[in-house]
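One structure, as structure tokens, below. Some questions next.
The letters A, B, C and D name the chains in turn, as written, and every chain counts its residues from 1.
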Amino acid sequence: MTRLGLLTSGGDCPGLNAVIRGAVLSGVVSYGYDFVGFRDGWKGVLEGDVVPLPRHAVRGIARFGGTILGTSRTNPLTSGGAEAVRESLRRLAVDGLVAIGGEGTLAAAQELAKRGINVVGVPKTIDNDLDATDVTFGFDTAVQTATEAIDRLRTTGESHHRCMIAEVMGRNAGWIALHAGMASGAHAILIPELTVSLRQVAAWVESAHSRGRAPLVVVSEAFVLEGQDSPFSPRGLDTFGRPRLGGISVLLEHQLQELTGIETRATILGHIQRGGAPTAFDRVLATRLGFAAVDSAANGRWGTMVSLRGTTIVNVGFDAALGRLKTVPEDRYQEAAILFG
Amino acid sequence: MTRLGLLTSGGDCPGLNAVIRGAVLSGVVSYGYDFVGFRDGWKGVLEGDVVPLPRHAVRGIARFGGTILGTSRTNPLTSGGAEAVRESLRRLAVDGLVAIGGEGTLAAAQELAKRGINVVGVPKTIDNDLDATDVTFGFDTAVQTATEAIDRLRTTGESHHRCMIAEVMGRNAGWIALHAGMASGAHAILIPELTVSLRQVAAWVESAHSRGRAPLVVVSEAFVLEGQDSPFSPRGLDTFGRPRLGGISVLLEHQLQELTGIETRATILGHIQRGGAPTAFDRVLATRLGFAAVDSAANGRWGTMVSLRGTTIVNVGFDAALGRLKTVPEDRYQEAAILFG
Amino acid sequence: MTRLGLLTSGGDCPGLNAVIRGAVLSGVVSYGYDFVGFRDGWKGVLEGDVVPLPRHAVRGIARFGGTILGTSRTNPLTSGGAEAVRESLRRLAVDGLVAIGGEGTLAAAQELAKRGINVVGVPKTIDNDLDATDVTFGFDTAVQTATEAIDRLRTTGESHHRCMIAEVMGRNAGWIALHAGMASGAHAILIPELTVSLRQVAAWVESAHSRGRAPLVVVSEAFVLEGQDSPFSPRGLDTFGRPRLGGISVLLEHQLQELTGIETRATILGHIQRGGAPTAFDRVLATRLGFAAVDSAANGRWGTMVSLRGTTIVNVGFDAALGRLKTVPEDRYQEAAILFG
Amino acid sequence: MTRLGLLTSGGDCPGLNAVIRGAVLSGVVSYGYDFVGFRDGWKGVLEGDVVPLPRHAVRGIARFGGTILGTSRTNPLTSGGAEAVRESLRRLAVDGLVAIGGEGTLAAAQELAKRGINVVGVPKTIDNDLDATDVTFGFDTAVQTATEAIDRLRTTGESHHRCMIAEVMGRNAGWIALHAGMASGAHAILIPELTVSLRQVAAWVESAHSRGRAPLVVVSEAFVLEGQDSPFSPRGLDTFGRPRLGGISVLLEHQLQELTGIETRATILGHIQRGGAPTAFDRVLATRLGFAAVDSAANGRWGTMVSLRGTTIVNVGFDAALGRLKTVPEDRYQEAAILFG
């Protein structure tokens, strides 16, 4: 009997449990496979820390956030190497791995595949910055959660005639800011891909204010003001590696209020964006990716990852996802900028 | 100055207001256009019933369901004809129409375009059954709303060890059932595209029950049991054109309970699926379609409609959407059937 | 060591799990008690069907709907009698019972207490029709869920200029209709406590329509039109004991549309009102009731139930809850009727 | 004809629009009154900045957050004095005021009433720290919003085996922390009423961690660690009067992680707690308070405020609300502490 091992790695992401459900059900029902789950990502692989995953272990989990397997940021290549992975799989009689994770995990999976280990990847990031897939699961939930929160901020802004700033996640790409900003009708959307001057942001804020609106600014955590340091530059970080001043939105709050004279309030949405129940969109996408990952294993398509193209799930090489980040293209930003006008 | 007229036609759909916002902002900010809105769809065109749509009329509307313009099922071809439309637009100095609607509206728009009237279409249906676009706005909200409701039904099913049936919309295609069923972990999904015998449905229900689950059935309103009449067949309808017996789920409730002996309860989700605040996904998609419709007008692409392909908004001919319904393909249904197993 | 037994009985209700969590944590942490749970209400008591309830069995359950213990409508008095209950508790070494249920369960608990069995009651009903407590847990969630659904119906009503009817639960009392109707701005609220003529309902609908509103009617399932049969009268029920015609709202839909000429659509919200995640209000109330039930046991207040008075949890005799239903008083209905005006 | 003036003052609060709706409908329908709204609280009174409030101005507003009248923190006594208020009301022919606001507004209203100005108060604060009413509207929405956000944080904590800290509002009282903490199953709830040592907090966190849980801490913004400064002490504030270091949760994040060695993440929920759509509970309560405020005016009960007692709306003197804050009593905190154990 074929035994597959599942692992979830990297930051939490809504939909992980739906991938696990999809993979196990598909494997059990369609192929008669047996499953184990590795605890806490690659750490579980290296330590042989494993839980059985019979069918009933995945019942009802798709609608919950988080991952029943736990996750960590352990990198198998630096923490043990391919041989340790191979040896662990051999000892546990695991024929192949389904690795659900972000860029780091997919890069590791690629390396392991090159060394002959059977592995299929499932791309995961709320940031949507992985190339080779139209969208990653978790992104829709992050955008929906951020949008609902910003809808709340907006009424308070309007009641007080204040400028409200919402800081959303997005370390390398501004997709969450772009979509949540478009959905909530932001008057300025600020993303890491594009440096903007404080003066320009103030101009957008004042333009909205002059039309009688409560200005709304949606900013990615990694946005950099023209002529200023990144909030994630080494000297901006505290000893825990987190922005010392609380983030770009707090900086903007002070600078915008000073420059425009408009009362301004920042809110950092933070971790609520990566936890909790996935949207139906993410549950469907994640379930389909789980199905497809097991199909890939069954068809011997090791060394590939599953991805969404239009409405179809396809297999692509890891190279396709790892060459470069999928950042917000100029034309998508210009399109959204109509809202600022 | 160019003046465009907007109209929303057919059944209510979350995202209509976001299309209107997108179109007006894009037109005003990017092109300096002037807008009017026709009340209640084509009826407003034929009657010259019109409201001005300055920029401030669309402020903040994208996050609300419904349509600020109202809607109706009036067909311009049967109710007045192309000449009446042309005359109305001339009298109101409207240079072109953006018609937001479903199959009927797009077919009418195509006919009007053939007769030289400037019209751009925006496809709309919660049912997602229009071809030529990867997905229609409104569908994501319908699926999300249905899924949240089914999540609620599920806990009650489990507490009582009952079979719960949720009836969702979908007159011609089972997309809502397919996606809401996958998202909520249904043990049977029943769609109009595929006749299934009562015995097969009962087998799925009993299989879930025997594994200790509370069986969950998600059924499209237009599903037809093998050997039985459609709920929408003429003799099944009352004088208002609605299913006399309350719908397929009520029929199933009785028949399944009788056949399996498992206590069964049906809920018809009904109109909550087509109203209310759109999801962030639908707001973004609808906003982009509104932008693109005005771009199409500005570029003289009359006689086309805007549509989503992957992550890109493109123009397609009306023919592409009108040839045939986009129903659930066999392979998508088989994929989901893994959950029934 | 003291051992308590928990059971949940009657219809599903959001907050049951929070009561269970509260009771177990309070018992384990404050008193060093041991707990078992009876499966499926009194059925589990009579059959000795029991699960251990250590602390970790209740972790994280408060935020989920349903009951981890299962429920049924078994009545211990008619199905086995006090002696069978006593014998079962003796055999399982259970020192006392915490019975979470509605009127039937509380009446049974009262009878058992009279016969010397240690039992504490926790009142439960989404209908809020139990006297002796300001409010029952589950009611707030039912009202919130109904209100969110009606908010969705309302936008569709407005887009189409239709009258929308929402049928909510409430077999004996109109509390859900009253609160959901007030929250959603209904133009008519129809409750079982008060017969109203079709003509009066039509007058309210027409009044709203004439002011340019889309009329919204919120109706309890057990409302009776003047001069007509109750939807729950014997000859209105099918062989499963459910309203043959789909419910009062379907009847109203036809009659109102015929009388007023206004297009009318009914939606029966159904079981979504009694399942799913409880609101924070219900989680807090239910947790506190669970705490208090165990305090009652610890203090030997057997034969009482816990209840909310203002912001305080108190003990009351079963008599206080069982004398009569808490129906909507005339002045609360008249207060709400301001909205119909 | 009697003319009443409405104003909303102080921080934004879900339910303000429902009070306005309730007051205007009750006044128009039951008493034939005429209404005006003052813009931005007392500022509008002093400046005579007024909008008409006919019935149709309040249609559909109860389900939206914020206030259609705007708000400000202007104090009428220090900014103009009673004479200026009296003169403004006279000039605008306003016979009486309904002032919706927090402690400051109610204190001002009391003073104005003493000087013979007709004013009725409606207590408002999301913090629930006003005495003389069982609960204030806005509180339920704040708790619900915080709880939903914390539910999301919790799944991420569990996936990563992290300690999650959620900082909620509550400048003077810990009600939001108490209720959101109980609802979400916090392992430590920290409120301004009770200084706790870092060592004790760490002990609670380690206890949960040792039981295999992801520790969850819910902390009021104004909680003070034993032996440390308040986050709102003068030297902790920046030039905008906001905590320099981002708030108590950021401090705790660092200190707890250092002391326990458990990875810890803080999220400041911030303004999302005071904006957005009110819960059904708050809509009903706020509507009833609006009704009752106008009844009070009609019955000449000037110089009082409306408040909730059990399930009844009553009139109380301003003194009752202003004597002292309603803080979390010791026994309610001890009750919740069962969850920490």
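Just so we're on the same page, a residue touches a chain if its C-beta (ideal position, glycine included) is under 8 Å from a C-beta of that chain, and two chains touch if they have at least 3 such contacts.
This one's a predicted model, so the numbers in the text were calculated from it and none came from an experiment.
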item: Mean-CA-position distance for subunit B and subunit A (Å); value: 29
item: Centre distance in Å when subunit A and subunit D are each reduced to the mean of their C-alpha atoms; value: 34
item: Whole-Å gap between the CA centroids of subunit A and subunit C; value: 40
item: Subunit C: positions in contact with at least two other chains; value: 148, 151, 154
item: Pairwise touch network: line, ring, star, complete, or other; value: ring
item: Touching pairs - complete list by chain label; value: A-B, A-D, B-C, C-D
item: Residues of subunit C that touch subunit B when the two form their complex; value: 8, 12, 16, 40, 64-67, 70-72, 145, 148-149, 151-161, 164, 238, 240, 245-246, 250, 253-254, 257, 265, 267-272, 274-276
item: Subunit A-touching residues of subunit B, taken from the complex the two chains share; value: 21-22, 25-26, 28-30, 55-56, 59-60, 62-63, 134-135, 140, 143-144, 146-148, 151, 154, 179-180, 182-185, 211-213, 279-281, 283-284, 287-288, 291, 309-311, 335, 338-339, 341
